[in-house]
Amino acid sequence: MNFRRTLPEIRCLSPVCLMLASDPTMQPIRILVTGGTFDKEYNELTGELFFQRTHAGDMLRLGRCLLKVEIETLMMIDSLHMTDAGRHLILERCRGVPENRIVITHGTDTMPETAAVLGPELKGKTVVLTGAMVPYTFGSSDGLFNLGTALAFVQTLPEGVYVAMNGRCFSWHSVRKDKKRGIFEAVPRSR
Amino acid sequence: MNFRRTLPEIRCLSPVCLMLASDPTMQPIRILVTGGTFDKEYNELTGELFFQRTHAGDMLRLGRCLLKVEIETLMMIDSLHMTDAGRHLILERCRGVPENRIVITHGTDTMPETAAVLGPELKGKTVVLTGAMVPYTFGSSDGLFNLGTALAFVQTLPEGVYVAMNGRCFSWHSVRKDKKRGIFEAVPRSR
Amino acid sequence: MNFRRTLPEIRCLSPVCLMLASDPTMQPIRILVTGGTFDKEYNELTGELFFQRTHAGDMLRLGRCLLKVEIETLMMIDSLHMTDAGRHLILERCRGVPENRIVITHGTDTMPETAAVLGPELKGKTVVLTGAMVPYTFGSSDGLFNLGTALAFVQTLPEGVYVAMNGRCFSWHSVRKDKKRGIFEAVPRSR
Amino acid sequence: MNFRRTLPEIRCLSPVCLMLASDPTMQPIRILVTGGTFDKEYNELTGELFFQRTHAGDMLRLGRCLLKVEIETLMMIDSLHMTDAGRHLILERCRGVPENRIVITHGTDTMPETAAVLGPELKGKTVVLTGAMVPYTFGSSDGLFNLGTALAFVQTLPEGVYVAMNGRCFSWHSVRKDKKRGIFEAVPRSR
C-alpha cells in the first residue's frame, strides 16, 4: 500500500494517519452549533426566518455518518449578531471540550471574523468552521455538502483553525466572504 | 497562525499544505463517474431503477462548489456488474488523466473490490472512491454528504487509494462493506 | 353571491353545495389505503422498492389539510398483485365505512380495473381512486398533487366511482392507463 | 354507472358533468399568477425572500398534469401589498380571458379580501383562489397539494368565486384567514 511506504518519508506522524490505518483509533469529533442560516427555518405564520433547534443530527443521519460525533448547541444566532463575548465563549468551549477535532456551524456573514478570533489563540486542536448559504430545511441548501466537507477536513488537517465553504478549506488568516457574490475566497495573509 | 508554526516540525511538505496557504495553487480534481446507486433514477413507466446521466454536476452546483473539478463519465453501471475489464479501465484512466487528485463515484456493493485493484497499482495520486446508499434524486440520499467528504479527503490526504463512506475514510486495503447493515467498516489489513 | 343565485336554477341540492355554505356540515372523508407506487419506499440494503407504512398522514400534514379525514390501511400491495378477492374486500369496505366520501389510494397499473369493479356495485357514495407514478418519498413524486385533486373531487362530485390522475377526473367506465406513456386517458364508454 | 342514472334527477347539466363523460369537452383552465408566498424564493445573498418567476409550470409538470392549462403572470407581489387597483386588474382579467374556469394564485394574507372583490362582480365563471403557507421551493410547502385541490375544485364547482386552502373550499363570502393559527376557516355569511 502506498500509505506506509510514502508517509515515513514525509514524517507525517499525525493522529490522522494513525486513525486511517486502524479502526479503534477513530477520533471523536465535537460539533459546536452556533446558529446561522444553516439552522434557520421558515415561520409560516410570520413569513420570517427563525431558529428552533439544530438540524445537525438529522443531517448526520441523512449522511449515514458513523463517526463518533457529539453535538452541542452553544447558541442559536444570526452571525451578524455574533459579539466578542460570543466568540470568546466559543473559544473557551473549544478549549474545554475533550475532543481535539471540532466542527463549528456558524453563520457565513462573520465566519471569517470568528475564525480570526480562534486562530491565534487555540493550540493543539483542529477546528473547522462551516455553514450554509441556504437553510438546510429549504430544498436547495448547500448545508449537507458543507457539513460533509467539514467533517472530512477536520479528520485530516493538522491543528489549526479553518473555514470550509464552497468545497474548499481556508486557513483562518487568509479567508474572506465576498458578500456580493456569496462565496468564500482566499486572501493573501495580512502582513 | 498555528499552521506555519506547527507544520515545519512535522515536516509535512505535501502539496496539500501548500494549497491551503495560497489560492493560485488550488489543485484540480477529476471526478470519474462509473454509475452506482448514486446516479440511479426511477423509471416511472416500468417502476425500475435505471441510469440516465450523472448528477455529479448538479450536486456540485447545489454545494456551491468552487473547486477546479472536471467530471468525466467512464461508464454507468451497477457495481454488481463491474468486471475486471471495467476496473482496469478505471485504473488506466486514473493513470491517464492529468490530475493527481481523483474522486471516483462507484456503486457501493463492490467499491472495496475496485479500490483493491487500484490500490497496489496506482502511484503518485490520491484517489477517493465514494457512492451512495440511496439515489441522489430520491429525497433521503446520502450522496451529497458523501461527495462533500470525498472532495475534502481527496484534497488533504497523501497519495493512496481510499474509500469515503459514512463520513469516514478507509484505506483501500482495510475496508469492507457490511451488506447486512449497509455500512462500511475497517478490517485489519490482511496479512 | 353567485352561489345561491345560480344553484337553485340548476337544482343542485347535493350535500356538497350545503357543505360549502356552512362549516358544521363539513363531511367526513375516509381514505382507504391499498398500496401502490404512492407508498413504496427504497430499501437501501437491497436496492428494491418495498412497502412499510402509508405516507397519507404525512401528506395531509404537509398539505395543512384540515378536512375530517380518517385513514385506514386495507392492504399494502403492488396493484399488479391485486386480485378479485382484494377488489371485493375494497368494495365491501366502501360499503361498510360510515363515510359517504371515500378516497382510495391504489397502484396505477390496475386502478381502472378496480374502479370498474366498484363502479357498477356501489350506490350512494362518491369514491375517488388515486395514486402516483413516483413514490412519495422520492423527490419527483406526483403523489401530493394527486391526493389534493382526489380530496377535492371527492368533496364535489356526485355519487359514483372516479379515477383522479393527471389533474383530471375520469368516470370508472371510461378510463384507461396508457402504460407506454404513463398517463391516464378517457375512452369512449364501452356501450 | 351511477353517473347517468343519478345526474338527470338532480338536473345537474353543468359543463362539468359533460366534461367528465367525454374527453373532447375537457375545458380549458387559466391560471392567473399574482405572487404570494407560493412563488417566493430565498435570496442567499441577502437572506430575504423575493420573487423571480412563478413555479406554477414546474408544479404542473411535477403533478403530471394533463389539463389544458394556460399560465399567465399578472403580478408578483406579496398580498399584503395588494391594492384596490391590483384587485380590479385581477377582476378585469378574469372577465377578459376566454376561459370560464380560472385558478388564481395569491398570497394568503389578503386572499379573502381579493375573493370578496371578485365574488359579487364576476358572473358566469368559476374562480378558485389558492396559495401556500410555505414557498414551493422550500421543502415543506403545501403549495403542490393546494394547487391540486384548486384545479379539481375549479373543474367541478358551479360558477362563483372560491378560496381553496387546507384541503377545503370556501365561498368568497364566508371565509377568513385565522392569522394566529395560519389556517382558513368558514365564517357565517355576513348579513
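As written, the chains take the letters A, B, C and D, and residue 1 is the first residue of each chain.
To be clear about the criterion, a residue touches a chain if its C-beta (ideal position, glycine included) is under 8 Å from a C-beta of that chain, and two chains touch if they have at least 3 such contacts.
Values in this document were obtained by computation on a predicted structure and should not be read as measured data.
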Could you work out how many touching-chain steps separate chain B from chain D at minimum?
2
Distance between the CA centroids of chain A and chain D (whole Å) is 44
If you average the CA atoms of chain A and of chain B, how far apart do the two points sit, in angstrom?
21
Which whole number of Å gives the spacing of the CA centres of chain A and chain C?
47
Chain C: positions in contact with at least two other chains
133, 140, 182
Mind listing each pair of touching chains for me?
A-B, A-D, B-C, C-D
Touching residues of chain C toward chain D in the complex: what are they?
1-3, 6-7, 10-14, 20-23, 26, 59-60, 62-67, 69, 119-120, 122-123, 133, 140-142, 144-153, 155-162, 164-174, 182-183, 185-186, 189
Chain C residues within the chain B interface of the complex
37, 42, 44-45, 47, 49, 133-135, 137-140, 179-182
